[in-house]
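Take a look at these structures.
There are two complexes below, and they share chain A, which is joined by chain B in the first and by chain C in the second.
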Partner chain A sequence: MRADTARYVAGRLGTAAVLLAALSLVVYAGVDLLPGDPASARLGPDATPEQLAAARERLGLNEPLAQRYLEWAGGLLHGDLGTSANGTPVAGMLAGRLGNTAVLTALTILLLVPLSLLLGVALGRRAGSRVDGTGSTLLLLTTAVPEYLVAGVLALVLGAQSGWLPATSLVPAGDSPLVHPEVLVLPVLSLLWVSLAYATRVIRAQTLTACRAPHVEAMRLNGIPERAVLCQGVLPAVLPAAAQIWLVTSAGLLGGTVLVEIVFNYPGIGKVLVTSVSTGDLPVVQALAMLMGALTLLATIAADVVGTAVGRTRSV
Partner chain B sequence: MNTPAPPRRGIRGGRSSAARVRARGGRRTTAVAVLVGAVVVAGAAGPWLAPHSPTEVAAAPFAAPDTAHPLGTDHLGRDVLSRLLHGGPPVLLTTTLATAVTVVLGTTAGLLAAFVAHRRPRAEGVVMRPLDALAALPPMLALLLVLTSVPSRLGVVVAACVAGVPLSARVVRAAALPVLHRPHVELAVARGERWPWVLRYEVLPLVATTVLADAGLRFVFSLYLVGAAGFLGVGMTGTDWGTLLHEALPGAALQPYALLAPLVLIAVLAVGVNLLSDTLTRPRAEE
Partner chain C sequence: MSPSPAMPSPPVTRRTLLALLGVGAATAAAPALTGCTSDGAAAPTVTGAPTGEPGRGGTARLAFAGAGAAESLDPTVGTSPCDLARYSVVYDTLFFFADGQAKPALATSAEADTEAESCTLALRRGVTWHDGTPFTAADVVHTLAYRASPDRVSPSELAAYFDLAAAEAHGDHTVVIPTRRPVGDPATLLAGAGLYVIKKGTSSFSAGKVVGTGPYRVTAFKAGVETRLERHDDYWDGAGYAEKVVLLSVDDAQARVNAVKDGQADYASDISFTTAKAGPPGTGLQIRDAGKNARTTYGFVLNVGRDLPSDPRVRQAIKLGIDRKALVEAVFLGYGAPANDLFGAGAKYYLDDVPVPGRDVAKAKRLLKEAGATGKPFVVRTAEYETGLNSAAGLFVEQLRGLGLDASLVKVTTAEGYDPAGMKACDAISFPLGPVSLALTYTRSAAFKTLAFPDEELEKAVATALSTTSEADRAEAWAKAQRVMAERGNWVAWGRGDVLSLAKEKLTGIENRESPKYPWLGKVGFVA
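Up next, the complex of A and B:
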């Protein structure tokens, strides 16, 4: 069993490496094939041919695509994230900010896990009741609301209008946001809101199925106390699926943070990313895309390993 | 996940209660559809309904709502309501175009993948693996990556496709695979029909509900990306709802309506379409 699992994990990691290589091709070569090019797009229609040529030279767009790709991918393998359009290394630009974004995501996940489990199991056990009806409708309504809208409302209501919490996350340069916990409240709340609705919905559905399973009914009929039925009958059936959904949601948070960070002016990667997009600084965006892609793949593998470890069907 | 729930027995009465619940569900669906329809019509016809031009300075900046300007004015004194109404068509058109392209590509890829999985299981990776690689890219980064190179509405559409097609293809593939094993499909093949014909006329009609429900989710997803592009101030220009959010955020304390109005419209559209898509896939008994 253990050797089997090890082989499965190794296989999945192998597949992930191939997928990552394919993704790097899309992220580098695919973007190159798009109709626009960063040089002409940013300089606008008034740019003279000399300016364009200079910009292309500066961005290194004149070398053959294959050569540029190989250099870039080789650098990534050695942990070199490349050089931005204005000459500074990408790794240096992201250094402190990547950590701040990680703090935001980690806190959200820390809150998401217990809250979604509690809510999901509570609603699933009361399936069909009025509480469940209202709760499920609210969750369904919430899942579709983009997190930047939630962040906007929170910034307006709890931040700007009432002044209870800072609407902008002012963190002195060099400080960790953990030293100023008040700036974290609203961003974490915005991120949590939407992901919580999604995770709770899945866990509720799982609990519902588990509560109707024959073994749970048998336990109940045997007069085993409800608490023990919950801990030994229902939870073991719910937890693997819950763990999968937590991992998938965590991967999904990576994109949402960018938007929420912009709302609160949080010193994470969001600001760097958006500035890079509007100045056409492709290397920065490409490096982050690869980084996030790799993290997403890792989360997917972890979810699948958790799934197979307890005998559920593999998702791929 | 959506296995039909066993019929609920007893507790609160038999069939009449179930029928009542279903009628209530139907009414709710109608109400949601009307609400979504209203936003779509107002959005599409907006420029003709707007009392002012979107760029005209109509009053003092940050004016509070009054009869002339029901939603007040923004930081440059432009009428918020007019800007909102002018922002409808670009948002709706971009989102609809992105949805349509994604659904067509995703359904084609999904049917193709199911077909290959059915006929040559070993070769299925050729279709699905590249899509798996794309699916690893978080949608927001797909959006930002494409917009760096193509900073326009076209870029937003391309990004929505890049991020959406793998998901659509997977859903359609899962729905189509069991259908390929059905007798009427085998019969059509035995009759000597060509595979594209079989997929189009024997398989696609049976997965139409799945495709439609998926189209709803793709619409919500595309709207999310279109809104996000405007909100981040990249790609979308003019007065579309995302850009209005972007502009209203700094002055939100002084003029909350400029922020709330586009926010509510995007939310109503996203939540409404999501609910409609959900009723399509939900088995009747569970409602």
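Up next, the complex of A and C:
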């Protein structure tokens, strides 16, 4: 079983490497098709066509796509994320911001794990009751509300209208957002709102299935106290699926904070992505897409491995 | 695993749904009840800042749209309002614009020689850098060479007129720049070029090292987040009022408004017309406009390389047939006025007496028919460079259809807006322009083949206006150029919109120089 698991993990990592290579190709070629190019992003709308042509030549944009891709991918292997249209190294532009987005994601997950587990198990055990009916419908409705709307309403009601919390997450230069926890509250709440509903619904469903499983029924018939049934019968069946959901959600959150970051002006990578796409700063977009894709891939594999480790599921 | 569905849910009953919808509606209504004040007429705005001497001290926090992680302390890199607001208080230019005219800053005069082969700059004496060293001609020579280097991000428009790299210092306070073609009014060209003077030897721009001659010096900087500035007490034009200035980079207009509303900022630049219409969002706050001369002109440039726009009758028909008032109402919500098809309002030499064309739909339709344009396809291209440009283009297309053209709309992103190949396939292109000098107004659009208006009389007039050293000849040449554009040109500039901001009532000293979107903050402060 151990050797089997190790072989499985190695296999997954091998697949991941192949997928990452494929991803880099898709990202590079796909972003290259986006409107704008580093030359026009660099020179702005006031440049004459002659100046643009000269800049393209200087930046090597007239080289064939394959050659540019190979140079870029080679740089990635050495940890070089490239140079933005305005000449700044991309790694430097993302450095502090990646950390800021990670703070948002980590705090959301920290709250998401206990809350979704509590809510999901509580609803699942009361399946069919009025509490479950109301709770599940509420969750269904919250998943239906887009996150920018949630963020916008929170910013308006708790921020700008009441003045309880800052509606704009202004972090003084040189400080980490953790030094100013008040700027994190509303962004984290908005992210939690959307992810909580999804995770809770999955956990609720798992609890429901576990509660009806033969081993749980056997434990109950043997007169084992309900508390022990929950801890030894239900939770072990629920946790692997829950862990997978939490991992996948955290990967999704890293890339999914974009809208929330825009609404609150939070200095994370989501904002960089939007600015770069709108100004046509393609090297930054390529680096970010690659980074987010790689993180999602890693989280998915981690979820698979967790599933395997407890012998639950295995995707081939 | 059990084959049961992954997510068995209890049925959603009508009763639970209705009950929850009720709760939802109540929640949604809460902000609406307190948020809106009134509809109908535009809420009045205040022009400019309160008068009266501001007190010394305090921290002024101002929010501008920025460029995220791409912002820079290098004044040749940034183009966002937040970047430019920062450059203009940290650095000085040789000349700056005030009331549409070039005024001396680090240079006290710029004289073109009689053969117009070079230009001599006399520099201000007694200016010191933030590190206490004196400002000299060597700094200007370094700035010009730095600007001209091919390694710079963007080429300077000045390079067409001056051989920047060949500039020489004559003594400590004189610089001579060779010209590439006759330059009649070098001060105006230099004022409009965003030429921020950097210190000799500067090659890196990090927060601890950057020095300028401006009224504030940088103490901390984080791209796309904020810039912290402290007063430079030895500023040559008199020290500022606020002890500290904080520039906040906030891209979303609503987020800027929120920052002022909840007390995190004292000023939000460039707010939306909708926000203004709802009135000041709190006590002690006011909505300001930058004044009539600082409005942004919204319009379309007709591509005369295409069949329909090349016909003067079609151009005239469009100018006569569109409903400017409807466009102004719909886009500016009352914060603006119809325009007379000329860009450049607010600049020196702008022709104020050209009337807004009266609407004559019958004549427009007749002209289109005569030109054989009725029923022909007409493509309008737009990108949201300014709030409302796209909706204006949509309305414009509807109005053109009403005149009998088979008009259609192409919406593109701002990154591809001025893509030459894309523009070539369109008959009209959205074009906004702030109150910049006529030299810039007329050279910028002429740089693009698809936007230019090839007309002998116009080209001659613009060339004269740029090269003549005589003030009277220049005024006459600009008048001629503008009459050509008004009479038969390819501009359909339909309206001018206010540039609005939200500010604390006590905040003063916001000065419009180059553009109200990044005002000069050297004298910002609070009145008692």
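Quick note on the criterion: the second predicted complex is superposed on the first by the 287 of 316 C-alpha atoms of A that agree within 3 Å, B and C clash if a C-alpha of one lies under 4 Å from a C-alpha of the other, contacts with A are read in each partner's own complex, and residues count from 1 in each chain.
Basically, a residue touches a chain if its C-beta (ideal position, glycine included) is under 8 Å from a C-beta of that chain, and two chains touch if they have at least 3 such contacts.
Computed from a predicted model, the values in this text were never measured in an experiment.
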**Message:** Per the contact definition in the header, classify A:143: touching chain B only (first), chain C only (second), both, or neither.
**Reply:** first
**Prompt:** Looking at the overlay, what does A:205 touch: chain B (first), chain C (second), both, or neither?
**Reply:** both
**Asked** Which partner does A:259 contact after superposing on A: first (chain B), second (chain C), both, neither?
**Response** first
**Prompt:** First (chain B), second (chain C), both or neither: which does A:20 touch?
**Reply:** first
**Message:** According to the stated criteria, A:128 is in contact with first (chain B), second (chain C), both, or neither; which is it?
**Reply:** both
**Asked** Where does A:251 make contact in the superposed view: on chain B (first), on chain C (second), on both, or on neither?
**Response** first
**Asked** After superposition on the shared chain, which partner residues are touched by A:5: those of chain B (first), chain C (second), both, or neither?
**Response** neither
**Prompt:** So, A:67: does it touch chain B (first), chain C (second), both, or neither?
**Reply:** neither
**Asked** Does the superposition put A:286 against chain B (first), chain C (second), both, or neither?
**Response** first
**Prompt:** Do chain B and chain C touch any of the same residues on chain A, and if so, which?
**Reply:** 34-36, 41, 128, 140-141, 153, 155-156, 160-161, 167, 205, 262-263, 274, 276-278, 280-281
**Message:** So in the complex, the part of chain C that touches chain A is made up of which residues?
**Reply:** 1-2, 4, 6-10, 12-13, 16-17, 19-20, 24, 27-28, 30-31, 34-35, 67-70, 72, 77, 79, 150, 153-155, 157, 207, 220-228, 248, 250-252, 255-259, 261-265, 281, 385, 412-420, 444, 447-449
**Message:** Under the stated contact criterion, what part of chain A meets chain B in this complex?
**Reply:** 18-20, 22-23, 26-27, 31, 34-38, 41, 128, 140-141, 143-146, 148-149, 152-153, 155-156, 160-161, 167, 205, 212, 251-252, 254-256, 258-259, 262-263, 273-274, 276-278, 280-282, 285-286, 288-289, 292-294, 296-297, 300, 316
**Item:** Residue numbers on chain A that touch chain C, as the complex places them
**Value:** 34-36, 40-49, 51, 58, 84-88, 93-94, 96-97, 127-128, 132-134, 136-138, 140-141, 153, 155-157, 159-161, 163, 166-168, 170-174, 201-202, 205, 208-209, 213, 262-265, 267, 271-272, 274-281, 284, 312-313
**Message:** Quick check: in the complex, which residue numbers of chain B touch chain A?
**Reply:** 1, 6, 8, 11, 129-130, 132-134, 136-142, 144-152, 154-155, 158, 220, 224, 227-228, 231-234, 245, 249, 252-253, 256, 259-260, 263, 266-267, 270-271, 273-275, 278
